[in-house]
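Below are two complexes that have chain A in common, paired first with chain B and then with chain C.
Here is the complex of A and B:
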């Protein structure tokens, strides 16, 4: 059983996201990655590659269409971490 | 929500470029003076932002072949090959590509973009796994996305990172597809294809290489970087375009697997697109003959590439790669890149301005592409223009 929960993953994601210009004071579970943080396709891909390495999982790029918020992304990661375990 | 919402997004992109003073949509080549020079804004301008690598767009034999085909076969095919029939010239060019690569199968598509889209949409289905280089062209991403397959990016040109991502796929790595390009069009760097191919083989994955920018300019006979790296017999699918070294319009895929032919029955971009015009096919076929018969074109291109690379490096510019037919000057600030792009145009030199996200990893690019048809005098003028537009160059000259 993994110790990672969507809540702990959200905290970790804040760490990955804080380098982006619009992140300061703007990070919450319902923050929208594209609309609120202005992450473009290249930013998102770089972010996913880093997250994959951190959790040792594979995040398919095609699933990004279903992910709007930080909470959505954390839920997907939690599911993949659980599947891996 | 209305379908017009995206108008606003696109207007923002346009306005952002206009704020930079650099809308590429405004560039019109009013009259051609040669393969490497045109009139832009009423001024003779050296073209260092085309992909006319072998300089064949005004080759008399190619133009003659295209004109002859138009007279004999008409101006257009008026439909797709599956719905409306193939012309003998389509089949002849496919045979020529198969012979050139010594493979059983070749297929033509109507553009380079549609070649990758058509191959990937036909090959892949939901549940399949693809691992692609993060710098891959949009048509590779789009083909994967439309197919419904799960696709993952590996760090650019990093075989160890590819291995890591294939390992994470577990048993699904076997039978997955790994995709790389020969020459990457933005940075002008080449892929470590032999190493990537070895990793793909290690995991039982298929290996596809897009040679859009490397066909005609790499390899002893011009078959691309796969030939140069000695892996032609190991790559499963090689794609390419007619719109660069082959001076025409269209694309091709070759494969050592005879099953490639089956894609004619399942590739929507092949089935539902009008086939390439007789003139385009004839021009590409004549250019393919030139690739085989005139190795001096490749030598001229490389001499020009080395000269421009040395010249720009000598000026202290930060270049994205070593010498290649694409030489990209990296400029961290987008506004400075736009200023330089406009100043280069004023100096009579056209290059490509590439800003993120089209430019990888943050820095804007002033992308120069070389041609065998450039003269050394033109290369030196390009270098002189880059010297003149450096920040502070005017101030320094005035002192």
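Here is the complex of A and C:
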């Protein structure tokens, strides 16, 4: 089944995030999605759709309040992927 | 699961009821109802008004058992869910007042959201509070140090015993709901709307505004805590016995196409959204997608809630023309929670119309002198354009007043004052704010600026300082408060306002901060911190400008002159742009990208 770990998920997220202007050469696990990458609500929605489609999971809105960094997001995705399996 | 139908044998009554309970009793005799769609676009809940009434009645008896006094407030975290609708109607039968609270959270915004819930629950003095399982942890955190009679999920409330006896019901003068007009965490304003008030507004909207007819069907993704979402899509369909289809706001934001698919599948006839939503939808729809959709039944697509330019609507109409969408379906409207909802609507089947006027005359004398934009080209006249927001709904009296409160003639811009049966009774337990907005003889000062021409209303600006971004109202005081919380930034150092974005199509928030620090690193950190705080609390991007001490203008009494601060900021930006600009080679701009706005 799934071999996703938070580490592999972080790598995948880098791929998704690369097209945002402020992401270039600026990505690490502790990069803050809002503060460092300036993702606005439209960008963020695009990112969430990509993640949902890629991992076949649903990302509930209520989890966003506790996500600040790329690492936080990856941990949440890992948990949702595991719950699904 | 089957959605409720669009037609039934029950005679269409356009909200001619004395209370919402009477309206639901009548709707329950028909076969229409409410339907909910998930992120995949599948229907997951459906109830006829008959079922909804029965469920609401049972829940009303459970609420009665809690022992809340009549007129007590019940806070409802207003996620788009069948539970919200059931609780909203149960409160009415139980003689309690539902208060919708926002169900949205920004990235990293856990603490800010909890603080917002706590503030609103305190402000309305709620005796009970409900959130669905997805949101209940935030709610529990918010009420941790409060003493409410009951807090929990729908399941918590459904486990309560039913009280015996008749439900108390309501009168036309009972409060139907309290609507918070902005996401303001520190300066909440709860608009109090009575049963007779909201029903008067719905009679106007369903009658003269939309000319509702047999077979009409509503469709919406608007949040239930927004006036348009609540009044136009929960209360109006019920009070006119029409079916309505709901998609979650977050699901729409992620996949706007689902909105179009839902309208297509159910042959919706009426929808409404802020302009940015039409823009977002068209960004995500490819030409070939349009052919799979059928929007030919959609006769009304209301446009309201923020400043816009007509171009995105044009694009939407173009891309979705193959799906049968007609551009005459666009219906610019003006409204606000203080008037229940609707104030003016463009005529049905009229195309969006723009008034071209002399921009200099407007700026200097507030006179809207019509100009032919083609003829104006080359004459040096700058042209401003404003969208026709239609005629006033029939029960409103209007006066456009100058700064001294004197009525102004046609084509003179001034502050819009309104009077009529749809106007609120006041802001909840805030006599001072109420006195500022409502005169003793019933005139509401809207704080919006506009002019009348041929019986049509044109909005040109706002007197009050509210910032509106993506249809959300944001109070400048809230943004200023965040900036003032930074070390070295004192009480007098901050001004927040909005300006048109560089392309003139949106508004953007600006915070000007007087900064004494010369250290570039510290200055950059301050800017970044404020931008980050605003984003986590409000989910918007803002621009922060650092200026020397004593830059911000004050009134003679020492208060911040926000409007002048805004003009100063625009002048500084224009000066900076002029220094950096290449010599202009294009023809001079003839169309001034000044605010064109529809509001609701």
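As a convention for this text, the second predicted complex is superposed on the first by the 84 of 85 C-alpha atoms of A that agree within 3 Å, B and C clash if a C-alpha of one lies under 4 Å from a C-alpha of the other, contacts with A are read in each partner's own complex, and residues count from 1 in each chain.
The rule is simple: contacts are C-beta pairs under 8 Å (C-beta built on N, C-alpha and C of every residue); 3 or more make two chains touch, one makes a residue touch a chain.
Since the model is a prediction, treat every value here as computed from it, not as a measurement.
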Inquiry  = Just to be sure I read the superposition right, which of the two partners does A:34 touch: chain B = first, chain C = second, or both, or neither?
reply    = second
Query = Taking the superposition as given, does A:68 touch the first partner, chain B, the second, chain C, both, or neither?
reply = second
Task = Please work out whether A:56 is in contact with chain B alone, chain C alone, both, or neither, and reply first, second, both or neither.
result = first
Key: Which partner reaches more residues of chain A (counting touched residues only), chain B or chain C   = C
Task = Pick one for A:78: touches chain B only (first), chain C only (second), both, or neither.
result = neither
Ask   = Given the touch rule stated above, what does A:42 touch, chain B (first), chain C (second), both, or neither?
value = both
Task = Under the contact definition given at the top, report the residues of chain A touching chain B in one complex and chain C in the other.
result = 40-42, 45, 48-49, 52, 58, 60-62
Footprint of chain B on chain A - complex, ascending = 40-43, 45-46, 48-49, 52-53, 56-63
Query = For the complex, which residues does chain A have touching chain C?
reply = 32-35, 38-42, 44-45, 48-49, 52, 58, 60-62, 64-68
Query = Which residues of chain C touch chain A in their complex?
reply = 39, 104-110, 113, 134-135, 138, 250, 253-255, 280, 470, 528, 531-532, 535-536, 539-541
Request  = Mind listing the chain B positions that touch chain A in their complex?
outcome  = 134, 141, 144-145, 148-153, 155, 164-165, 168-169, 356-357, 360-361
